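Before I ask anything, let me first share the structure, which is written out below as C-alpha cells.
Letters are used for the chains, namely A, B, C and D, taken in the order the chains are written, and counting of residues starts over at 1 for each.
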Amino acid sequence: MKIKLISHTPDPERLVAMSARLCYSPVGAEDLVDTMSEAQVESLLNKIVEMEHLSTFEHVSFTFAIEGISRVLTHQLVRHRIASYSQQSQRYVSEHEFEYIMPPTIGANSLAKEKFEQLMNIIRSTYDELITIGINKEDARYCLANATETKIVVTMNARTLLHFFQLRCCVRAQWEIRRLAELMLAEVKKVAPLLFKKAGPTCVTNNYCGEGSLTCGRLAAMQASVKT
Amino acid sequence: MKIKLISHTPDPERLVAMSARLCYSPVGAEDLVDTMSEAQVESLLNKIVEMEHLSTFEHVSFTFAIEGISRVLTHQLVRHRIASYSQQSQRYVSEHEFEYIMPPTIGANSLAKEKFEQLMNIIRSTYDELITIGINKEDARYCLANATETKIVVTMNARTLLHFFQLRCCVRAQWEIRRLAELMLAEVKKVAPLLFKKAGPTCVTNNYCGEGSLTCGRLAAMQASVKT
Amino acid sequence: MKIKLISHTPDPERLVAMSARLCYSPVGAEDLVDTMSEAQVESLLNKIVEMEHLSTFEHVSFTFAIEGISRVLTHQLVRHRIASYSQQSQRYVSEHEFEYIMPPTIGANSLAKEKFEQLMNIIRSTYDELITIGINKEDARYCLANATETKIVVTMNARTLLHFFQLRCCVRAQWEIRRLAELMLAEVKKVAPLLFKKAGPTCVTNNYCGEGSLTCGRLAAMQASVKT
Amino acid sequence: MKIKLISHTPDPERLVAMSARLCYSPVGAEDLVDTMSEAQVESLLNKIVEMEHLSTFEHVSFTFAIEGISRVLTHQLVRHRIASYSQQSQRYVSEHEFEYIMPPTIGANSLAKEKFEQLMNIIRSTYDELITIGINKEDARYCLANATETKIVVTMNARTLLHFFQLRCCVRAQWEIRRLAELMLAEVKKVAPLLFKKAGPTCVTNNYCGEGSLTCGRLAAMQASVKT
C-alpha cells in the first residue's frame, strides 16, 4: 500500500480558524484574511475542536493518490459519500499481469498462501485467454478477484476525514482499510496537527464506544489505564 | 437479475405537485393536502417536468431489493452518492457455493464460457479450502471474483433516479448496470408515470449528447427519424 | 407553528429491519419481504439502534408541511443539507398583510411587544407602498423582517432526523427551531417509535455533551439524578 | 458586494487532469504526479470538459470570503447543498448600526428609495431599543430586514461551481445572486481558465434552455446571431 498526499488546501488550519472567526466576530473579509496571529489561530482551533463546531472543518480538503490496495478496500471506501473519487477503470485499462493484495492471515499460512497464489495465476491466464478470444476488457474483468490491485485518487474535506478516521481506525474495521486510514491520518497530521489532534475512533476521542458492544476491550483497557 | 420495488413514498405524484404548489401559491399546509384534483396534479407536474424544477422531485423516494447482480455492478452503483445502500456483506455471510454473473459476450462464446465456468469452480474450491484452513470469511473473500452474485437494497429519490437513468440508460454504460437501470425505470413508471415520462439519456430527453462524441449514433438516428 | 406529517415511507420500521437483515443474512429479496415477524423486526431494530448501524435508517423518509414559522428558522433549517425543501417563495407570492412570529421574550415584555408590533405594521405599509410604486415582489421583499411567517415542505430520512434532533433538541439551539424539532420528533415517534426511541441531544442519548462546555447543566442534572 | 477568493486547491487544473489520467491510463501514483507536461494537461482538460466527465472536477475547491450581501441572497445561496458555509451569526454578533442592501429598482425610484431608507432607520432604532430593554441578540434580530448586510465564507468544488454558475448566471436568477455568481466566475477564471471556460447557463454552454419556456429571449438571440 502506497499513499501520497498529492494536494491540500494551503494553510488549512488558518482557513478553518478564519471561517470560525467570521461566524462569531464583527469582522469583514479583509480583516479576516490579514489579522490573525499564529497564537490566535491555535487558540481558536482548540476551542472549535473542543466544541465540535465541525462545519468550519469542511472548508479544507485533502487529496491522496493511493495504490497497492484491493478492490475489497475500494468497494468499502467509496461508500463514504461526502468525498470525491477517481479510480483506475477496469473497463479501459488492461489487467494483464495484474498485481494483487494478499491478506496477512493468508500470507501467514503456507498452505493458504499456496492455494491463493495458485488461484491468482489461474485468473491471470484466464483473463489473458478471454482477451485473446476477443472478449473486451469490461467483460473479461468479471473473472478478476476482489484481491486485484487498484489505484484511486481520493479527496475528502477535514470533517469527512474525521468521520472516516472515527469509523475506519476502529479495530472493527477490516485490516486493509484500517491500515489505509492510519496512513492517511499520519499524513494529514503532518500538515494540520491541530485539526486532527483528536482524530480516531470514539473510544479514543470521546471515551465512548459507538459500536455498542465493547467486546474489543480497547475502551475498557483505556479506562483501566487511566484509573491506575 | 431480479429487482423488486419493495417500498416507495405513497401517492408520489401528488406529493411532488403539492410541494411545487406551496412554492408558488399563497396556500397553507391544510389546503395543500386536501384540495388538489387529479387534473391539477397532472397539469402542475407537466409544468414542473418541462421547467426542470427538480428539487420538488426529491420529496419522494423508491426502495428496491435487487439480487442476481455482480460486484462489478455494485461497485459502479454505489458511486451514486445521493442514495442509500444496504448490501449483503462478504465479511459476515458465507460465499460457499456462490452464484455468479456471466457477461453475455462470454456466454455467447463456447470457449470463453468454458474457461469462465472452469475458473468459477476453481474459485469455489479455493474459497472453501481457505475457510477450512481457518481463514475468516472477510479475508477468504479476497479470492472471489468480480462476477460473484450479490444482493443490495437501494433507496433513491426521484431526482437521483432521473440522474441515474440519464447516465445508466445510455448505451455507453456497461450492459449490466444498463439492464438494471432499465428494469428500475420500468418499475417506477408503473407507480409514477408522470414523474418519469421524460426519463432516460439526454439524447432521448433533451435531443443532446452529454458524452460529447456522438459516436454511438443514437442521437443522429433519432434526429434523422424525426426529419423524415 | 403548525406542522403536519403529510407523508412517510410505509411501514418504516419493517423496511429498516429488512435492510439490516439483508446485510448480515443469506436471504434473497423475496424472503426479505415476506418473512419477518413483528418480534423479529423489533429485536433487530433494537440491535441496530444499540450498534448505531445508522445507514439502514436512511431507507425511510418523512415529509412535513410546516407553517407559522419565521425566516429566521428556515435560514437555520435549510443548513441541514441531507434533506429536501420546498419553501413558499417571496419572489412569486405576495406578502401583503403577512403574518409574523414574535419571540416569547419580546411578547413577555409590554414595551418590547409594542415596539415590535409597531414596526411590523410599518413594514406592512412600506411593502404595500413599494408594490404600489411598481417595485416587483422579489425586490420589495428586501424590506420584510426576519420575523415574517413562511411555509415549507421538508423531507428528511430517519438518519438525518436523528442528527437534526441531536443538534436542535439541545437547549443551545434557538427556541423556535427547538420547538419545531420537538414537534417533529413527537410526530415521527407516533409512526416509528422504535426508530426514534433514542432520539435527542447526546446528553440524553449517550450521556455525553457534544457542545463541550456543559454549562447548560442538563447533563450534570441527569447524572446526579441517576446517582441518587 | 465584495468577494475575495481567499483560498483554493493549488494548481487546480493539473490536479483535475492527473485524476482523469489515472482513470484511463496504466499509471501509478508517482508517475501521475511527476510526468505531465503543460500541453498534456491542457489537451486532457479540453477532452474532459467536452465529455462532461465532471467527477474529476470535484477534487479541487475554492473558498470565497463574501461581504456586502443581503440575507435574501444567503437564504438562496445556502440552498446549494454540496458546499460549505460559515456565516456571520446574528445570534452572537450585534447588528447595531447594520448596513443594508438596496435593490437597484428601489434605488432608481426616489419615492421608493425614501420609503426604504426611512424603514431601515426605524428598524435600526427598534433593534437598539429591544437590546436596551434587555432582549437578547438572537431574539432582537427578528425585527431585522431581509436587506440586512451579512458576511459569509463559502467553499465549493469546481463541479458544484459549474452547477451554481449554470443556475445563477441565468437571467432568471435574481439580480443579487446573479451578480455574486458573475463575480465568483470572474475570480475562478483567473486561476483555472480551462476548468471554467464553458461555465454559465445552459443556453450559453449547451445551446439549450433548462428553464423550458425560452421567454427570456437569450437563446433565441444567440441562435439568430450564429445563423447570420
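The rule is simple: contacts are C-beta pairs under 8 Å (C-beta built on N, C-alpha and C of every residue); 3 or more make two chains touch, one makes a residue touch a chain.
It should be emphasised that the depicted structure is a prediction, and the values quoted were computed from it without experimental measurement.
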Labels of chains that are neighbours to chain C and to chain D: A, B
Contact-richer chain pair [A-C vs A-D]: A-D
Rounded Å distance between chain A and chain D, as computed from the means of their C-alpha atoms: 30
Inter-chain centre distance, chain A versus chain C - centres from mean C-alpha coordinates, in Å: 32
Residue list for chain A, restricted to those that touch at least two other chains: 85
Contact set on chain D toward chain C in their complex: 70-72, 74-75, 78-79, 81-82, 85, 90-91, 100-103, 105-106, 109, 111-112, 115-116, 118-119, 122-123, 126, 129-130, 133-136, 138-147, 174
Footprint of chain D on chain A - complex, ascending: 2-4, 6-11, 15, 18-20, 22-30, 32-33, 55-56, 58-61, 63, 65-67, 84-89, 92-94, 151-153, 155, 157
Complex contact set, residues of chain B against chain D: 50-52, 206, 208, 210-213
